[in-house]
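Scroll down for the structure; my scribbles are underneath it.
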Amino acid sequence: MSTIRVGVIGAHGRMGSEAVKAVKAADDMELVAALGRGDKLETLVEAGAEVAVELTRPDSVMDNVEFCVRNGIHAVVGTTGWTDGRLATLRGWLDASPSTGVLIAPNFGIGAVLTMRFARQAARFFESVEVIELHHPDKADAPSGTAVRTAQLIAEARREAGTGPQPDATTTALEGARGADVDGVPVHAVRLRGLVAHQEVLFGDAGETLTIRHDSMNRGSFMPGVLLGVRRIAQAPGLTFGLEHFLFEDEHGTDAG
Amino acid sequence: MSTIRVGVIGAHGRMGSEAVKAVKAADDMELVAALGRGDKLETLVEAGAEVAVELTRPDSVMDNVEFCVRNGIHAVVGTTGWTDGRLATLRGWLDASPSTGVLIAPNFGIGAVLTMRFARQAARFFESVEVIELHHPDKADAPSGTAVRTAQLIAEARREAGTGPQPDATTTALEGARGADVDGVPVHAVRLRGLVAHQEVLFGDAGETLTIRHDSMNRGSFMPGVLLGVRRIAQAPGLTFGLEHFLFEDEHGTDAG
Amino acid sequence: MSTIRVGVIGAHGRMGSEAVKAVKAADDMELVAALGRGDKLETLVEAGAEVAVELTRPDSVMDNVEFCVRNGIHAVVGTTGWTDGRLATLRGWLDASPSTGVLIAPNFGIGAVLTMRFARQAARFFESVEVIELHHPDKADAPSGTAVRTAQLIAEARREAGTGPQPDATTTALEGARGADVDGVPVHAVRLRGLVAHQEVLFGDAGETLTIRHDSMNRGSFMPGVLLGVRRIAQAPGLTFGLEHFLFEDEHGTDAG
Amino acid sequence: MSTIRVGVIGAHGRMGSEAVKAVKAADDMELVAALGRGDKLETLVEAGAEVAVELTRPDSVMDNVEFCVRNGIHAVVGTTGWTDGRLATLRGWLDASPSTGVLIAPNFGIGAVLTMRFARQAARFFESVEVIELHHPDKADAPSGTAVRTAQLIAEARREAGTGPQPDATTTALEGARGADVDGVPVHAVRLRGLVAHQEVLFGDAGETLTIRHDSMNRGSFMPGVLLGVRRIAQAPGLTFGLEHFLFEDEHGTDAG
């Protein structure tokens, strides 16, 4: 097996430095470039990078990805900020370089992606569903973006299946007790010293409940997903939006459009 | 060992019929009377009841307990509605019958009582604490009375220990996401088909969390507490408020006053 | 919408009597026959049953299913004991009655079926996996059949994906501490008064864990699965083995062969 | 408030370096000495240390503690290996220096200590109890020492209360399924990549269960316990064995003898 030649863009950031370590530790990869702010993108070409891992910021990601696509370097992108307009621009670049692949993943955590997938699949079989997310108390937003996204996917699946509104006989409540309402799905946010990032999806029907829980202990938990993206992207020309398309073959659409 | 002669007042109600079954099944007790609405209290005396289990309603409990105390029958009372005024009246009756004991227990569930006790004891050692209660969706109030009481006990213990406010950096939140605020303790109420009555108390500090969870599957879970009350009340003259005083010897005060 | 005419075979057993109640309560079904031991199968034909729910025992199920298939009555079967030989015999009957459908479901609990499906799907993405099942202490076998089956499905998925053996540095252990070994997957069985039937599948990889938990509180939890089978079987001629084929369209194979 | 002058012995070890950080970060303490292997103990005296935190190894702890006691420096000791003989020797030193205090704590985790205390207190109220401990897969022993100790405390409390053997109708079991038997309490050990150190104690009785769970995410979780020991040891002359004696006033005995 020949190794994959990988460059990391944003190599000194929190995620990027983890990616540098993970690529170095992977038997089937070779780290050929580690670019920080100010470093020249041309280094990727000179180093013979086949795949670039892009972990920078919304104001630099477009330039970085454009360079990669124009030079036939596949890209695995964790940076956020992808509007419809930006995606359209990216597709234009890819049309001109049809053998190049770009994976954009809002979440590289395999556990988080599986949680969302399973939650969406289970949604139509249960009368009740609620989401509890639990994080360290330094987090600024409540609920977490992942919990909101999970609730939206569940609500969508219920709508498609024609599931009615959830049963709830509450007539007397303290304000906030029943959580935030995200498309009809109650979402509760716990903030506790000692926690990192956790999420529980609880489904219930007559006589049974099903719980899917994801516990993320540290940033290292994203790296198996990044490496999986690096391994698969050369065989997936065009745009792939969401790591789930690389996890399951039955996820046909590899394009967000 | 001689058996304890027990009468049940409110024997046809939901709790009362469970109590009838539990007393019958107990090796060390004999059911000597089972009174429904309209039955005469004198039956208790004629049947030689030593202990009465009172499980009726706030509008009848005072008459029932007065009868018991005046006739020297110990009482184990699950009916609620005990105001300071009512308690004072009851103490007057007990003063006139100093060898008679009355146990009033807002909650006969041993697991629930232990949860509250442990939560109160743990409260001062942790920076963060939140309560999640989970019930079937036919419940009318949110949060549950037990969860509110648990949060109040925790808040009290934190105040006594001089613990500061909980850390919470939330700046952007959907309404309700962070739960109800009970004396500074966030309380979240989940309503899910398939559940019965459940409560989790989560404590957190640097690098560790402690969780106390109580699951109550059916009304039968209250009966071990009722039976324990019946077994102990003859040795506890006067008023005892709360089953916890019969569970632990280091709970000195046996009077709510 | 016309209602489905349903007969229950084994109507007085524990599962069967639940099925009778569930069919009666379903808006889109009509209970036209409820057969106990000794009742004549011809009643199903006379009553015009379209679907029969078979919940008897291994020694009677073959006769019952043969009667149904020969008379063009679709069958939803919960009785166990299906050897390869029995399945071959059943396929022969179905070949002669090609528009009739038979669903054999070892487990009608939708939550249990989803748990197994999700466990199988997640298996190849995690380095570690263990199963904990928890039941009431009157259960005779340990681990439960569902837990063994779940572990086997996980082991199979790991083999297919080429996942290596699980990491485990244990050198000193008390006998039994690490659970039972089911195809390389540790399975732990807890027996606790107050529990009913519960199962947890724990997956772990660097920095994250994923837990899938199923809680079954009573036999009623199987009825949504039975009703779903009744609703779908007329459109599924031939043999379907496992409720999962009716839950997800991407489960192509509808035959156990 | 004057600050407490603290020296750390074993300052470069894994626990010791955490202690150095924790003491430095505490408002009410001053780090006056940080000794590694080969450093002279006299430094503690010269630096005016009031309390020494001893986190070394069984082969050096006796010399270190002897030096502290002879010089009137209170000691907070996390090093293990305390046989009855060693404890007797230590008591001899303390008899000769009656105002000096030594705390030996097998476990400085407040959550772990609370878990054991609550488990012991709850033990006599429930028919069933089992322990599940969950750790990373690099751990060499199974079950963990903490789980074995917890089970022993529970068994002791059940014996004292005259509780009978646990109900368990298992007749057919795979080897190991029912866990290890520690004094009649089943203990299950899970080893999973992504976990750190976790323990669950499950109690069950008719219709209800009580679960106490402790999650320890990193070594930092021991530091609140170390600091609590440092703050309290000057007021506790003689030998205190176990952090629990500093957590609760009703834990009377402060001597392991």
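As written, the chain order gives the labels A, B, C and D, with residue 1 at the start of each chain.
Rule of thumb we're sticking to: a contact is a pair of C-beta atoms (placed from the backbone, for glycine too) under 8 Å apart; a residue touches a chain by one contact, two chains touch by 3 or more.
All values reported here derive from a predicted model rather than from experimental measurement.
If you compare A-C with B-C, the chain pair joined by more contacting C-beta pairs is A-C.
Among the remaining chains, D is positioned farthest from subunit C, on the basis of C-alpha centroids. If each chain is reduced to the centroid of its CA atoms, subunit A and subunit B end up 47 Å from each other.
Look at where the CA atoms of subunit A average out and do the same for subunit C: the two points lie 34 Å apart.
Subunit C has its Cα centroid 41 Å from the Cα centroid of subunit B.
Multi-chain contact residues, meaning those touching two or more other chains, occur in subunit A at positions 126, 194, 203, 205-209, 215, 217, 221. The touching residues of subunit B, when paired with subunit A in their complex, are 126-130, 132, 134, 137-143, 148, 166-182, 186-195, 202-209. In the complex of the two chains, the subunit B residues touching subunit C come out as 194, 196, 215, 217, 221. Considering their complex, residues 109-111, 114-115, 118, 121-122, 125-126, 203, 205-224, 247-248, 250 of subunit B touch subunit D.
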